[in-house]
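Please go over the structures that come below.
What follows is chain A paired twice: with chain B in the first complex and chain C in the second.
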Partner chain A sequence: MAVEERDAHTGYLTTGHEWNGITELNRPVPKIIWLFLLSTFLFALVWWVLMPAWPLGATYTRGLLGVDQRARLADDMASAAAARADWMAEIESKPVEAIRADPDLMRLARESGRTLFADNCGVCHGVTGAGGPGYPSLVDTAWLWGGDAQSVAETIRVGINTGHPESRLSQMLAFGRDGILERQALSDVVSYVRSLSNAPLAPAEQAGVAAGATIFADNCTACHGEDGRGSQDVGAPDLTDGFWIYGGDRRSILASVDRGRQGEMPSWETRLSPVQRKLLTLYVLDLGAPQ
Partner chain B sequence: MFKTHYRLERHSIGFALAIIAVASIGGLVEIAPLFTIDETVEAAPDMRVYTPLELAGRNIYIREGCYACHSQMIRTLQDEVDRYGPYSLAAESQYDHPMLWGSKRTGPDLARIGGKYSDQWHVAHLDDPRAVVPESVMPAYTWLLDTELRTDDLGDQLRALRRVGVPYTDAMIDNAAADALNQADPDGAGAAAVGERYGEATTIRAFDGDRGRLTEMDALVAYLQILGRLTDAATTQSSATETKP
Partner chain C sequence: MVSTLTTTERQVALLLSALVALAGLALAAAGRHDPLGAHGFMILVYGLVCAGAVARGYYGPEPNAERLARYYDEPIKAGLVIAMAWAVVGMFVGVWVATLLAYPEATFDQAWASFGRLRPVHTTGVIFGFGGNALIATSFHVMQRTSRARMPDQLSPWFVLVGYNLFCLLAVSGYLIGITQSKEYAEPEWYADIWLVIVWVTYLVLYLRTLARRQEPHIYVANWYYLAFILVVAVLHIVNNLAVPASLGGAKSFPVFSGVQDAMTQWWYGHNAVAFFLTAGFLGMMYYYLPTRAGRPIFSYRLSIISFWGITFFYMWAGSHHLHYTALPHWVQTLGMTFSVMLLVPSWSSAGNALLTLNGAWHKVRDDATLRFMMVAAVFYGLSTFEGSFLAIRPVNALSHYTDWTVGHVHAGALGWVALITFGAIYSLVPLLWKRERMYSPGLVELHFWLALAGTVIYVFAMWNSGIIQGLMWRTYNDSGTLAYSFIDSLVAMHPYYVARAFGGLLFLIGAVVGSYNIWMTIRSSASAPRERFGDRPVAGPAGASAAEPAE
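After this line comes the complex of A and B, so read on.
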């Protein structure tokens, strides 16, 4: 590499490298670039003073502006809360029935409720609230623990079969697996249960209904009631209404009776604030038909 | 300036050293001080360690690449706090080696998923996401329920973590494999010992719904159910500065 090689045309030094006969002039960086670089340095100097910048061992310079992400978040949260404070206060203080009678307030409650429901409830109950296998529909008329405002709010607060000290507790026993009922008895009681909701029965099922009724009376009435209409005090579903959480076909009912069921709904007391839970209660009541 | 550069360019070792010096400025200024500044990692006196079962679940979480679509980092932004809960603290992942904060959310953030949904839901969802969330794009992890969990190396894993600062005791390391088994067997004789070693708040349940077997599903669900619940520091910290809507 030749040093001090000069370009014959311009008289400037070249870098000394050559690519297929092309050489590059060795010229200083243009002034405008220096200018930009210098201005970024100056900006940095100002920024060091205004913003948290220099580490000082166990601490750091805080900057004159006092910018702190966590404080800024707290401000954002506070101004968002202030923006909805007037109607939130109404939601908080008014009884549920009064809110439901107020279309303007309900429109706001529905809007917030939809977001809360999708974020927290939708994965089990479905974004429309229609439920799915193992997760009750909230749009039908059947309620496990009661469909009035107070019951719904309480279910959301404590949950079902959770670790919450006041949790609603309910368990369908595993009559088959735990050897409480024989195989034939299981089959008969399933036939009887299906007859309760007037499901179309095959002739073979029809034959077991009478025997099933006796077995039902001996084993199931404590929770589901003598008429099979269930009890909202213990969260036992109504077997006569044609709504099923785990499916109403013969196979699904047999699985429920054989291996038992113990569905869980989480408690939302620590995760959601009281007013958020009230919004959800309003939203859920709004989803379903009145009881 | 022009002349200096000219000289530097002609001394390759000097030039290499100059490059290293300049390139390390960013790290020295932005990373190194975090190790000495007191408030980098917040105080979390109630912080507990992962149990062996939860740790095994964490390893499955890493193995299956969950972090590629799920972050574990709630940022200090209003919409994130509204949706996911109190923002994440550095203290909450102080026992994570490596941390799984992530930077991509194809699915939701999981930093506070623990206790949000039931075990049954997690099992159904991991086995077939679309069975419970029809619009989900998550892959199905069908083998978790059928695959028995490997526990014989859990003691070594705890020992390795202790070397990098996780306060596992000798008793925890010696009983790692048994503790993993017992945490998923609430009626078993060893369940009480797990609670004693890892604290009252330890969840001892048949996570996959089957008491008889310890599967990878048990481990992964145990891990998911503890996310965001190793310490209450985040809740206490943010309730002091924030108002819930």
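After this line comes the complex of A and C, so read on.
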């Protein structure tokens, strides 16, 4: 019962069907559609001939161009490496101090060291290297494990408190939580520690300094030294220099003495190449003023 | 709703609700030491609420035989209201996560408020909550009208609608408490997936039964698309969610595929979800509401055939373009790319067919914001399908992949195409279903249109900019032959675009709120009861319906 009707606007007949008022024009597919359709088919055909395309059981059609994404990636990596090979080789072979004395090499080291640092170290130390609560600043003069080239390179390689067999290990005991020191003793030793860096002390703190000195001598000097200047052999921070990782206010120091500290830094030996780690060493040395 | 069910249907509804409640109880007991327990409890409550609703109306009078001379529109009305509720919730969470990207610390230190948990709430809320309910509701309308037949029974449409929303609720609540199988757009775990299979098969059977009752010799194009949507989504959902639960007392399951096979299955699913959920279904919507609103015949029936078979055939191959330059073999990538290119012309044929149908009705597009919603939707469909084929080309993808360009592309489609065509369809449908002359306020429809369009354009432009900048920053080398920018440099550069994106999304959300208010007021306003029009009733069916022939 199809009844074709002529659409007045276009002059075409309908297909003769009607659904709830909807009709369709029996208009042929415009030529341009066929043209575009065929050209996309042609494009696909050419691409199939040139590139790996169709599976053939255990193998596949390789394509006339012989392109393979793995081989191409390897080529790209190789040519990128070749582009920086000259100066990279110099970085690799020259001693750190010689590189630092060479302004051209240092410019390159800073340029690539910046992204290397921001991508790998910036999450903790901040993109500027200024650190944050719990993460040491690398732009000051204080170094936990030494600020010379060899020490910095070694810290980057093995990390701190990691699973690396040669990891740097350091632990501050939880003097309060583990019951080594009484409450009053904790308070006094905190007062003494604050006095070491000439922090302005409240009168109540002043009173505890003398007692705190004795407690410090009995409990803390093994790592932090008799003068409180710390030891880079065991990663014990200098308490006199006014730089603080976990904060230098009374509350923060009390928290450190009470519950202890065991900061971690990952080992980068398996993640970064030797020359990348050397670049980072150069960059970190360049960030802060070394001793 | 219960008053329209026959006594037998009320009994079956009670039984089904009780079964759901029992299944919930079993899951709650088995999963009491697992997040699954919370979901079991939710299912139990859901089943009890349904049972309560049926029980309250159980002894009401039965519907008389006169109903068979009418289309069954109650579940459509409910579906549209639910769809708009999901739209507001899903888009609100969308603005929220967009804001989180610009200000990532705003999570109140709560796990549930982290980006990773909120983002699927947004995607599921808008795609499955808003889009899915709108598709189910409009498909019920279109299949009845274009078949001139009432749905075969009153219970199965409610089972589909109510059951589907249980799935959506399980999905969204699960993400917040940490239940996910970590497959994009297929995050819900095994028990929710099994439930959706039951619901979806019922949906397919209902659709086929209605088509079988049709009083038209031919099946209209819109039904081809709706059927493709229902059938293929069933296949995709089942295959991609093949998984083995770690235990029956826990939510966790493991997919049967692993490694690159799993990735390929996931993106075969993911891309065809775009194709058959977000494209085919909404093309079905467009094929009905655009010509009826414009009052014009479809530009070319023959072109519809090219588009339909082109889209259904080529889309199936295109999924691997999501895995360019990965462990996926090169040849699979080539196939994905070339089929994506061949997909362009059938896609554009649909968009062109829609736009050219408006020839002779452009004055209506100018005056009627509802029709303009659908016109702009067709334009965005054309734009985003072109962009999709373009981005699928491997060297282009090398720049765009993993960047915000992808996000912009998706939203050009999701906001510009899917949401706009849906709003157009809903604004056409609401006055029809509730028997009003027109929407409560045509001015608010106009306002919604401009808010939605401005929001989409701001969103898409922001993401184009940020995506291309990101892509370039990640691949730029300095003179010394190493990367010029760190990743965080690119994040800092994105910030202004993320703020702009959140603003564009906010405009779109405000539009949806305005639309919901307008719809609500239309429903609330007193019925102006326009004269019954031709086509408002089904043709007398084989089921022995009495004098059902329309008056004219």
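Quick notes on this one:
Quick note on the criterion: the second predicted complex is superposed on the first by the 245 of 291 C-alpha atoms of A that agree within 3 Å, B and C clash if a C-alpha of one lies under 4 Å from a C-alpha of the other, contacts with A are read in each partner's own complex, and residues count from 1 in each chain.
Note that in this section a residue touches a chain if its C-beta (ideal position, glycine included) is under 8 Å from a C-beta of that chain, and two chains touch if they have at least 3 such contacts.
All of these numbers come straight from a predicted model, not from anything done at the bench.
In the superposition on chain A, A:Trp19 makes contact with chain C only, not with chain B. Of the two partner chains, chain C is the only one touched by A:Thr40; chain B is not. In the superposition on chain A, A:Arg114 makes contact with chain C only, while chain B stays out of contact range.
Legend: residue contacts after superposition of the two complexes on their common chain; A:Gly132 is shown touching chain B, with no touch to chain C. By the touch criterion defined above, A:Ala80 reaches both chain B and chain C. Of the two partner chains, chain B is the only one that A:Arg271 touches; chain C does not reach it.
Look at A:Pro55: by the touch rule set out above, it reaches both chain B and chain C.
Legend: residue contacts after superposition of the two complexes on their common chain; A:Leu169 is shown touching neither chain B nor chain C. Using the contact criterion defined above for the overlaid structures, shared-chain residue A:Ala210 touches neither chain B nor chain C, since it reaches no partner.
Chain A has more of its residues touched by C than by the other of chain B and chain C. The intersection of chain A residues touching chain B with those touching chain C, taken from the two complexes, comprises 28, 55, 60, 69-70, 80, 84, 119, 127. Listed in rising order, the residues of chain C touching chain A in the complex are 145-146, 148, 216-218, 220-221, 288, 291-292, 296-304, 306, 310, 325, 329-331, 333-335, 337-339, 341-342, 344-346, 348-349, 352, 359-360, 477-489, 534-535.
Of all residues in chain B, those touching chain A in their complex are 2, 29, 32-33, 36-39, 76-78, 81-83, 85, 87, 115-121, 124-125, 131-135, 235, 241-245.
Taken in their complex, chain A has these residues touching chain B: 28, 55, 57-60, 69-74, 76-78, 80-81, 84, 88, 119-120, 123-124, 126-127, 132-135, 263-266, 270-271, 273, 275-276. Remark: chain A residues 1-2, 7, 9-10, 14-15, 17, 19-30, 33, 36-37, 40-41, 43-44, 47-48, 51-55, 60-61, 63, 67-70, 80, 83-84, 87, 108, 111-112, 114-119, 122, 127 touch chain C in the complex.
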